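Both complexes below contain chain A, partnered by chain B and then by chain C.
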Partner chain A sequence: FFCLFITVSDEPDTLYKRLSILVKAHDKAVLDSYEFFAVLAAKELGISIKVHEPPRKIERLTLLKSVHIFKKHRVQYEMRTLYRCLEVKRLTGCTANVYLEYIQRNLPEGVAMEVTKTQLQPLPEHIREPIWEKEVKDKEESKA
Partner chain B sequence: ATERTPRNERQMRRKALPPRTEKMAVDQDWASVYPVAAPFKPSAVPLPVRMGYPVKKGVPLAKEGNLELLKIPNFLHLTPVAIKRHCEALKDFCTEWPAALDSDEKCEKHFPIEIDTADYISSGPSVRNPKARVVTLRVKLSSLNLDDHAKKKLIKLVGERYCKATDELTLRTDRCPLRRQNYDYAVYLLTVLFHESWKTEDWEKSKTRADMDEHVWENSSSEKNLLRTLGRIWATEEGTEASPGHLLGTEEAAQYRECVMHLKNQGEDDAALARYKDAVKRLLHVA
Partner chain C sequence: KTNPADPRGSGGSARACSPPCRRCRFSPVSYEEAHAPHYIAHRKGWLSAHTGNLDGEAHAAERTVEDVFLRKFMLGTFPGCLADHVVLKRRANQLDICALVLRQLPAHKFYFLVGYSETLLSHFYKCPVRLHLQTVPAKVVYKYL
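What follows is the complex of A and B.
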């Protein structure tokens, strides 16, 4: 299908210097498939993307095996968190919204994501010049 | 007699049809079989997948009635063909990056302020994440309109938030409950810092030589010593009084000034001390 309602507005588009997407899961196979999907989607939309794999973290805890006494018999559990980092450079706001929404709607169950956006902005107008000189001039004009 | 299934239900139960996989063509449109994320249906996926830990001298279990295949998320709806089709439809909503901003320096020159925000997605009872309201504003001080006194005052006001190596000011705000409010507060902080650093308070005028950050040449004891020594040499050689401007304007005096400033501000070094020795020798016309 194609959508008939593409709205074009005059306000300037936001610019993102880079988008850092960290995906966390318990399963390496799921992360590999998701990375393939994200990289292919980025290439099709014309976005430059780089992938690297931060080292995994394993959280282990040791609990008593029995409800009452038997201190010598314990049971150990572990939670493995595997990571994948997708770095995207130089996007406009519209493209970023489209890509992120597509990626996030197809995020599999049991997978978490953190997105860090770095937005570029020009200097605001009130930081161009210090206002003290204008205040002095205004006071002189109002006195004269 | 009680039976597991009553006789009428047994007669009315339909026979199980052959699975859909037998009717599938090899070149069918897979995106219409799995258009969205759906659980794994063994009768609809024509692949002979086996999954599970086998018993001794056995093989992994077949796909029919296999819970492991149901538990793991499948990407059957995201084949490369399907992804390409989705992207074709999404391309109309994308805009291009402006070609004039192809390098980091140009981005830095036209857009000196960088704002970092974070979004978090996870499965849980709540969609909200309290870390998402943090906003970090980073600016390079070289791109702000600051003179010498304003820059030093700003660095003193800001303290730890300024990094000298990269000449970058970082303001991290999370005191407001919403991200937009934190962003407005960060911009307000930057404005206030900028304007306050341009002001000169009355008590700033009573800054003594001991309060200065760097060694200042004008009216220092090194300058006075130099003038006195050179003045006496001039007086004995020429017999007339020499003007300080004339004495300091020579090349050797300028070099001596550079060496002394370097020693006082950047610390002593073998090379720096050797240069100071050369400068003094040239000043006194000894070497």
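What follows is the complex of A and C.
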């Protein structure tokens, strides 16, 4: 959505109830520094942000040490994934696009991000009023 | 920093004691090679940074194969010049190759090799590849084993 010009349109902007950004990495120091950067960027843009740390996941493998036989001698490997969750509440679409673009362009190497957006939409017109009230109105009109 | 136990210098002989005692040992080893794999994330960093091995992410095998090829390629393109292991960084589409290089070749040859490898690898992997070299007078030694 990189645009050099400010566009003005009549359509109402999309509204987001919640923007949940989950950042995953192997290194805690990298995550800490990225969180500091993201929080600073949010404060500059005037977005209120909350950060929490979901528990880490460790995937362990036990493999045979030798190419042939020696079943009793094994080697264990593990892959650790550390998480950081940035929660932003009540955003407009433009702000969300700008913030996410900035954050994503500056993602460090070896770090992955998952974004979950929860959008607010107005209730569709055909379900605004209960149907039985409409049926009662129709009956009264047909009688009269 | 020269080792007084270096048999090539005027210091002493490494064969005087067998097995050589701590002060007579001569086998230079860099920081990366001196630490065992269980020190990764404690005293060591990672040589290859990509998201393939994270929980819920895919294509780890493709990245590993690319890594193996790139390391062999760097070893061959800069013969006898690499001081330490090559560091590979992947950010979105780009691939950054960072290497410590000895000053074996004249500068214009280095520039040619950098341009050649960048163009070749970009066309091969269909993504922007950048090479970052840092020259070093000699291999950086952490300790002698």
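To be clear about the criterion, the second predicted complex is superposed on the first by the 124 of 144 C-alpha atoms of A that agree within 3 Å, B and C clash if a C-alpha of one lies under 4 Å from a C-alpha of the other, contacts with A are read in each partner's own complex, and residues count from 1 in each chain.
Everything below uses one rule, namely that a contact is a pair of C-beta atoms (placed from the backbone, for glycine too) under 8 Å apart; a residue touches a chain by one contact, two chains touch by 3 or more.
These numbers were taken from a predicted model, which means no experiment stands behind them.
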Side-by-side fit of chain B and chain C on chain A, or clash: fit
Of chain C and chain B, partner touching more chain A residues: B
Partner chain(s) touched by A:D27 [first = chain B, second = chain C, both, neither]: both
Which of chain B and chain C A:P54 touches, first, second, both or neither: neither
Touching partner for A:R80 - first (chain B), second (chain C), both, neither: second
Contacts of A:P108 with chain B and chain C, given as first, second, both or neither: both
Overlay on chain A, chain C to chain B nearest C-alpha distance, Å: 5
Contact residues common to both interfaces of chain A (with chain B and with chain C): 27, 107-112
Chain A to chain B touching residues, read off their complex: 1-3, 6, 13, 15, 17, 27, 29-30, 33-34, 37, 40-41, 44-46, 90-95, 98-99, 102, 104, 106-124, 126-132
Complex interface listing, chain C residues touching chain A: 41, 45-46, 49-51, 53-57, 89-92, 96
Contact footprint of chain C on chain A as seen in their complex: 24-27, 57, 59, 79-81, 107-112
Chain A partner contacts - residues on chain B that touch it in the complex: 37, 72-73, 75, 77-78, 80, 83-84, 86-98, 101, 107, 110-123, 143-145, 150, 187, 190-191, 194-195, 198-199
